[in-house]
Structure formats: structure tokens, C-alpha cells
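To start, the structure itself, in C-alpha cells.
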Amino acid sequence: MSTNPLSEASKGVYIIAATPFTDQGELDLASTDSLTEFYLEQGVDGFTILGMMGEAPKLTEEETLAVMGRVLGRVGSRAPVVVGVSHASNRAVERLSKSAMDQGAAGVMLAPVANLKTDEQVYNYYAGVLKALGPQIPVCVQDFPQATGVHMSVGVIHRLVDDFSQVVMLKHEDFPGMRKLSEVRELSAAAGRRRISVLVGNGGLFLPQEMLRGADGAMTGFAYPEMLVQVCRLFDEGRPEEAEDLFDIYLPLLRHEFQYGIGLALRKETLKRRGAIRSAFVRKPGPSLNAIDLAELTRLTERQTARLAARG
Amino acid sequence: MSTNPLSEASKGVYIIAATPFTDQGELDLASTDSLTEFYLEQGVDGFTILGMMGEAPKLTEEETLAVMGRVLGRVGSRAPVVVGVSHASNRAVERLSKSAMDQGAAGVMLAPVANLKTDEQVYNYYAGVLKALGPQIPVCVQDFPQATGVHMSVGVIHRLVDDFSQVVMLKHEDFPGMRKLSEVRELSAAAGRRRISVLVGNGGLFLPQEMLRGADGAMTGFAYPEMLVQVCRLFDEGRPEEAEDLFDIYLPLLRHEFQYGIGLALRKETLKRRGAIRSAFVRKPGPSLNAIDLAELTRLTERQTARLAARG
Amino acid sequence: MSTNPLSEASKGVYIIAATPFTDQGELDLASTDSLTEFYLEQGVDGFTILGMMGEAPKLTEEETLAVMGRVLGRVGSRAPVVVGVSHASNRAVERLSKSAMDQGAAGVMLAPVANLKTDEQVYNYYAGVLKALGPQIPVCVQDFPQATGVHMSVGVIHRLVDDFSQVVMLKHEDFPGMRKLSEVRELSAAAGRRRISVLVGNGGLFLPQEMLRGADGAMTGFAYPEMLVQVCRLFDEGRPEEAEDLFDIYLPLLRHEFQYGIGLALRKETLKRRGAIRSAFVRKPGPSLNAIDLAELTRLTERQTARLAARG
Amino acid sequence: MSTNPLSEASKGVYIIAATPFTDQGELDLASTDSLTEFYLEQGVDGFTILGMMGEAPKLTEEETLAVMGRVLGRVGSRAPVVVGVSHASNRAVERLSKSAMDQGAAGVMLAPVANLKTDEQVYNYYAGVLKALGPQIPVCVQDFPQATGVHMSVGVIHRLVDDFSQVVMLKHEDFPGMRKLSEVRELSAAAGRRRISVLVGNGGLFLPQEMLRGADGAMTGFAYPEMLVQVCRLFDEGRPEEAEDLFDIYLPLLRHEFQYGIGLALRKETLKRRGAIRSAFVRKPGPSLNAIDLAELTRLTERQTARLAARG
């Protein structure tokens, strides 16, 4: 079991970890190690592995277990690790969740399956899985309609919080979703409801605004995690203007990485350039970068470096 | 005001009336008259005009009023007429609804605007419009997610019934939707809730099953309304097997007309062949029939005629 | 290698085989055997396993191989078996395809991954996979936009036929899609293009019309395969009216099974009632039948039995 | 006819003009005037009216003509005005286009109707309308799949350019869409094809990158048009770093306005605060701002003001 279980008090930056491959598309576990160390050096508070941006649907079951074991082993007690367990079959969710927890995961993250349409259907899906998992496995509910096609209302989120004590975290990435984030906080406070952790995704594009609206941190994979870490700490220290000044320096590149699809290729390329992984390979079908894309990324990175230098 | 207001007791066949054009695409009000008489001769219990299958979004405002005035004037007190008022703007819904009621409509039918995602959003949309319309205008709520992209839960339908006395009818055409129809009836009965009228759409493809699950009739535009009328009456008289025997004879052609898009062209072609309208023209962009389509329709129609003859 | 490779000349009924589970949700390989024999007894010309209706996304890799091995071993040289290999990762498609062919599959069926938008993207996706698979593996292209969200134009289908000799079959289940089927045939003939096999899906709802438009048979899983088999043979013998007379007797139940989602539960229940499998269990999340659904199915089945009896 | 017809040489900033209402939701033509002058004072090169962000679908026909007449009359020969004419009916497109041109519009902008799936369908839709409009009406093709659901390939765009001389402009707002923009330019140049004007939308979120990839300007409605104008001019003068330095100062607010739905309310609120219009009212159903939203906007605006001041 984890020494760092996910809880309502979890906060800060849970980095969405990329899954490194070789240029031939094989798992590169040595790069998994170096990437893990890179993230820890940048000060992340936790990890989320095997999410959509971790190319989880493109791994075999054996590879899934290999990545999970490698990261959990490497991180050890240094940080909590959340494992993405979303799957078309409830049996698979249950099996992977139990395996993850046995190996020391801090909790699991679960997005809804496709084709859930109404509040009732979304609630029933989660209720079914949560009952099977039991109250001992901390769960992060992932609300990401752009990817899942499923729209989760504030009411559904609160019903889940009320009925299942293991729901301790919301990954908020509805877009536009700031009103929703405020409602989650306000309606929860008004009802004296248990306050859960809310970490934001969507590449962090609205991180400062979301921190001011009650988020507890970010769960995203921007290739400059040190910025996310500093921004969250500055907010925590009550210094929102400084936090956002720093954020704004990185905003052009963060916005660039926000592009769905090609964003993953850009992120891996940056991680490679920063020495964190050896190859920027993305499994097929998937995006790749051409000469224009690479030059564009270089130019934006140089502009960011210059602005950071000018800031002193 | 209507002498036949829509109510919870409304039942039978509310025909979705086609809007006839000339071969040049102009409104053909003479055909509107003949079509109206045709429907009445086939025994329909009511009309629904200016629905999606009535090409309402392709009419100018002037044409909309012309069609509405013509049908309402022609039908007079012979049957209730429901007017489709769905629109991107609430002001337009309100204006058209009031105009329809002033001219003698029995009520209005309203589908949700696009991009409503959660139960809360759907409820709020309807609540906003229903308050503006006031309790004097009977409303049929159209639940047609295949066309609107909006999914309405049983809970939302019931909240609307509870909060707005003017909601007297549901046009049920979620697909697959039979479970939902049963839930609407069961949960309503269990809660001692006001029982509203439920008419089914989707071309009537599951009409017998839906009647057995508690529907009160059909609101669809099949080009052989006499079958729908007889089937509903036979169900009403407690003769479900005879009803479905008749239905099954028409099922091949009904299924053929069920094809979205081209179904409207097939329906108008059949109405033209039956002498109800002068042209099968569908406004552009829209489907048209080629020689293969026409021959296929002829063959299916002849098979139907033969089976009706064999039945005696 | 298969003794019955899929080819442009393949025709008749390729049954979409259900995957039987126990009531506890475990694979039931004994029922896989009995179901395989049931299908063969009904006269099917071929099998398609591990398709969407075979709950393939809900199987573990081990289960996938177990089902594949069991069916291929049982069928042997008695009929060609097509294996569904659609997957989010090209590597997985390649691996499963090779494994299937090694064990004697007749070919593989491939649907596009989600999020392909334009003709160019669809073509490039297939081209990438087809090159990796090589010309020795016969491929059935599955065109099923309602499930995949990907729309394949006639032009794309023909480019694939022109550029890849291994594309020998199209599973046609766009809806409405009859115009498209005719265009595939007409534009192919007009250009002197290689004529591929076209089998139709969508539950067979338009099978007679599609046979008349040039289909070579059906690839669907209706729980009364004997009807599909007889209908295809009658069309082959130039007896379309008799074919459609028979089809029409089954149409009410076939239409009933056509309901997405719950249709699979209805199909498995019927197969269980017919003695082909021991349990109608569908893996979660998935549809289940309540008392009303079961009674409704019984009634429709009895009506079908009565009509078959009346026909003599 | 316009003294400034839209052409392949059109460039710079075509502002997507908001449609001002009173707090009661009536057209506010005095604000239409003041907003028009505001835009001209900020230096815009042209206007686009009656687009999606101009709430066109919520206007009556009379209001549509009133807004069009007012803006065209006010602008006069000072700038070209493009009129959005997208509509469910081709007849309506034709009627509005002719009316616009008669009153002096520079051209029309047309997005595809919903439910076009393949390249062939998209091409045929445009071909049908373009033939009806004739070669004298300059047309801007709007490629905005996030709103229309229609995906237009580079091949389709080029076929339209090749076949219809009146297609002189592309409004590019596919997202992510930078690769596509480069392909439009590269494949066009490689084929010696007529080079059309490309203006970018999506709120301008990637304007600098898009200018470097060959865009000719922006067609968007950011409430600080002066920035867009200066950025486009600096790019035109070959000063991309200065252009992007300026852009980056506005990026936080531009990104904020990028939020679909609520973005329009934020934009109108900013225009009101800047004195360009009297009310920020958005017609229902539509977004409105609460106290948190307003305070957030104030804070972001103040941060922008401070950064502009610091820059000197």
C-alpha cells in the first residue's frame, strides 16, 4: 500500500507523466527512469501515470504493468502516484486498480466510458465501479468531456462525493469550465459537504484563474513542470500576482502545447530537448513533427528563455 | 384560441405534416390544403406542423406564417394543431408561440437548443422558455437526441412536469428509447405524479411495443397515416395482436421511410403518388431521389399493396 | 494459413459471432463451441469474431487469444473465419492480425480509429496499416460511422481498392447508406475497377434492398441466422420476391434487435433460448434485460413463430 | 456594389463585429454606430458582420437587414464589409447574399450546413451554392469544424479554389489547424494554384504562429482590435519578434476571451467598459456574467494595463 494515499488534502502539481518509447516504438524504461527523476527534480508533488496523454490505450497489458511497476518502484515513497485505470470493461478497471494499489499507488483516476448521456447514467456508471473497488481505494474522478464525450454535472459530482467516501479528488478539465469549478466549491460549501481536492487539467491554460476559484493545484503534463510547481506554491503563499507574472512568461509555450493531438508530440520533443527522455516517438496512429513544427517550437522556446533571462 | 387545446388526455395520431413546395421550390399552398384534407380523410386525430420534417428551418418568416395560417384556417375546429416553435432564440420561440396560439393552435412543440449537456442545463433552458410563455400555452416537449444532440433524462422530464402545468405532452423519440418510455410511466405512477400524454416519433418504427409500454399514440409523418390511425384505435380497443398484424404489413415501407435524410424525400414522393400533393420537391440542401430510389420505392409499395390485398 | 482465404468472391452470410460468458462474467468456452456448431448448423457461410458486437474491447488479451483459438480450432476448414482487429494502436492491429492468420483465419476486419475527419486522413490511416500488414493478409474494411464517428467516402474506398490488392471486402453499414452502396458498385464498374465483395451490416435491416443494389451477402449477428442464409440463397437464385417474403416474416424481430446497446442483450437472450449458449450475460458496463423486456421479446418471438407456422 | 470588393489580396484585420442590444434585448442601432466607429478608430482593415459571434441566428429577418443596412451605411467606403450568410436553406443564402451585395458589401462568408460528412459532400454543398450565387459575388469560405461539425480537407478547399474564381478568401479556424494552414499554402504553391487570402479565427489564439505560416491577417473579434492591427502590421513590415512581444502582452486576456460561449459575454462586457457599446446584453439562451466573472475580468484587464504601462 501507498505511504502517500490520495486524499481530500492532496494538492500541488501531479504531473501527467509521458510514456517514453525508443525511436522504434518499444518501451524505453531507462527513459522512464530518467523522466521520473526529471519530474522529481522539478519539484512535482505527485505523479499521474497511464492517462490519455500517457498513451495508455496504445500499450499492451504487459507494457502497462511494466510502466506501472517501473514508475512505482522508482518513485517509492518520494511522492504519491495516481494510476489511470479508465477502460471499456469494469472488470479491467477493477483488476488494474487492485494491481496498482498492491504495488503502492496512491490512488486511481477514472474517466467515464463513452456514451453515457444523462446525469443518471453517469452516476450509475461510477456507482457500479466504485462499489466494486470498495472504500479502500482512493479515486480521482476525471471530468474531461472533450475527450470522453460525457458531460458530468455539478450535481452528479456532488452525489458521488456524498455517497462514496473514496472519491477524494476531481480532475477538472471541462472547457470552458471555470463557472463549473466555482459551483463545485460554492454548492459544496453551502451544503456543508465534504471538501474534496480539485486539480485542474486542460494543459493548465487557465491555472491562475482556477487557483483563484478554489483549485488545489494542477494535474497536467506541461514540459516545464517547474513553472507549475512555483505557480502553485506562490498561490499557496498568497502571492497571486507574482504567480501569474511567472505563469504569463510560459503562457505562449503552454498555449502551444495545448493543441490537442500534436500537443503530445510537442511535449515529448521538449522533454527530449531538456534531456529527460531519449526519443520523442509517439506511437501510431499519432502526431509527428515536421521541419516547420520543429523550427516553430525552437523559436517559441528561445523567446521563453529570453523572457526568463530578462526577468533576472 | 383553440377549441381543441392540447392536454394530458390528448392521444391518437398527430400527423407530422409535410410542407409542400412546387417543383421550383416555392410554397404550394394549394397542396397544403389538399394535404390537410388528405390527412383528415385518413382519420388523423391532430396535426403537428413546422417540425423538422416539415422543413421549418428552410422557410422564411413570412412563409412560416403563411403555412401556419393556411393549415390552422383549413383545419379549423376539426382537429387540434400543434405548432413546432423550436428556435435558437428564446424571443423567437415566444413570438411564434403567441402568434400560433392567437390563430387557434392547440399548443406548441419545443425541442431544446443544441449544446445543452447536463440535466441542469436542459432543465434551465426549458424553465426559461416556459416561464416566458406562461401557463396558458400547452407545451409538448420534444425529446429527440439524434437530431438535437441533447439528452434529456427521465428525471428532467419529471421535474418539468412537476414545475410547469403547461407541460402536457412528451414527444418521445429517443432511440433506443423503450426503457426510457417505461421509466417515464413507472416513475410517474410511483410518485403519484400528473400523467402526461406521450406520443412517439422515430417514424413509428416501434409503435406497437411503445403502445404496450404506455404510449398514447404516435406523432410521426408516415405516408400511410391510415395505418397509424387504425393501429392506435385497435390498441385503444384492447386488440394488440390485430393492431400489430396490421402494423407488420406496413413495416417494410415504414422502415424504408425511417432512413434519416432521404426518408423525407421518400415520404413526399409517396404523398405525391397518392395524390395528396403535387410535387415531391425538397428544399436544398436536401435529399432527392434517383431512378434506383424511385424503382425501389415502387417495388416496396407494390409488395405492400399485394399483402393488403391478400389479407382481404 | 486458412484453407478458405477471404477474397473478392466471398459471399453469403458471415455471422457476427457473439462471445458467450458465464453468469459470473467469465469466458464460457463450452458455449463458444456450442454456438459455433449452432451457427454452422444454420448454414452460415463464414464467421466474423471479435467484432464490436462480440464485446472485443471488454476481453483481456489472453481472453482474446483464447476465443480466437477456440473458434478457429472448432471451425477448422468448415468455413472461413474473419477476425476483428480494430485497435487504438497500429502495433496491436499488426500483432493480432499476424496471430490470427497464423492460426488459420481467412482474413481480418479493420474499422478506422476515432477522430479521422477528412478523406485524406481516413486514407492515410488505412494505408499505414495496410502497408504494415502486407499484401498477404486479406482485409475487410468496416465502414460503420455510427460506431466509429468516421465517415468514409466512396472515393476513399475506391482509392484503397486501387492501391491495396489485399482489400477484398467492404463491410457496409453506413446508415442511411443505400445510395452509397449503389455508388460503390456503379463507380467501380464504370471505372473498370476490381470488384470487391460487399457484405452488409446494420443488423440486416435493409438486406433485401441492399442485395438488389449489389451486395453479396450479410455480415451481421441476427439470432436467426437461418433466415439470413435462406434470403441470401434465394437472391442468389434470382428469386427476390420469395427472399423478401421470408425476410418480412422476421423483420419485426430483426428490427427489435436493431436497437443499439440493448440489441446485444436481446440477441444473447434469444441465442440462450434457442439453446446455443448457456448464459445471456453481457459484460459491464452493458445492457441487461428487465421483466418487461423479456416479456416483450417472448411476445415478438411467439408472433414470429405463429407467422412461420401459418406460412407452412 | 462595394468600392472595396473582397479579393485574393485582402489582408489585415477583419473584425468580427458584435451585435449590440439594449439591456432589454432589443437591437441598439445607436450602439451599432458607436461600435462601428470604435472599430474604425482602432484601425481595422475590414468588418465581418452577422457571423456566429454576431448572434446572427438570434436575429429576425428584419433585424438582420437592419443591422446590415446600418453597418454598411455607416462604414461606407471606409472599409470592406463581409456579411455572414450561412443558413440551413440555399435559397436564404442566395437571397441574403444578393441583398448584401446590393447594399455595398465587399463579399459574403459561408460556413457549411451541418451533417456534411465526406469531402464529396462538402464540395457538392459549396458547388451548389456557388453556382447559384454566380462569379460576381466574392466568397470567404469559413472552415470552423468546432462550430459546424463539418471537416473540410485541404483537398476540398483547393478544389473549390480551382473551380470557382469567386472563392477569394479562407477563414481558417480549424483547431488544431496550423499544419493545415501550412498545407494550404504549400500545396497551393507547389501546384501553381491561385493564391487566396487566408485570415485566421479562433480568437487569434495562434496569430503569430499563423502569420509565420502564411496567413494574411485575422478575422476575429477580440475586444482590443488595436493589438491585432498592430501585430498584423508589424508582421507585414518583417518585424515578427516585435509583433509577438506585443501579442504576448495581450495573450492572457485573449486566451480568456477564447472560452467558447462565455467568451462572447466577456467580449461584450469589455466593449462596454471601453465605451464602444452601451449594454453587454447577450440574447437568450446565452451566457451571462456573475460577480466572480466580472471581478476576474477586471483583474485580468488591470494586469494587462499594467504590463502595457511598464512597457512604455
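First chain written, first letter: the chains are A, B, C and D, and each begins at residue 1.
The rule we apply is simple: contacts are C-beta pairs under 8 Å (C-beta built on N, C-alpha and C of every residue); 3 or more make two chains touch, one makes a residue touch a chain.
In this text the structure is predicted, and so the values were computed from the model without any measurement.
Chain centres here are C-alpha means, and the one lying farthest from chain C is D. Rotating chain A by 180 degrees superposes its CA atoms on those of chain C, with the angle stated to the nearest 5.
Between the interfaces A-D and A-B, more contacting C-beta pairs are found at A-D. At the interface between chain C and chain D, over half of the residue numbers appear on both sides, which makes the contact a same-residue one. Rounded to a whole number, the gap between the C-alpha centres of chain A and chain C is 38 angstrom.
Note: centroid distance chain A to chain B, computed from Cα atoms, is 46 Å.
With each centre defined as the average position of its C-alpha atoms, the distance from chain A to chain D rounds to 34 Å.
Each of the following residues of chain C touches two or more other chains: 261.
Arrangement of the chains shown, judged by which pairs touch: all-to-all, with no pair of chains left without contact.
Contact residues on chain A toward chain B in their complex (touch as defined above): 117-121, 145, 151-156. If you check the complex, the residues on chain D that touch chain A are 175-176, 178-179, 182, 205-206, 209, 212-213, 241, 244, 248, 251-252, 255-256, 259-263, 290, 292-293, 296, 300, 303. Against chain A, the residues of chain C that register as touching in their complex are 25, 57-61, 88-92, 113, 115, 125, 128, 261, 283-285.
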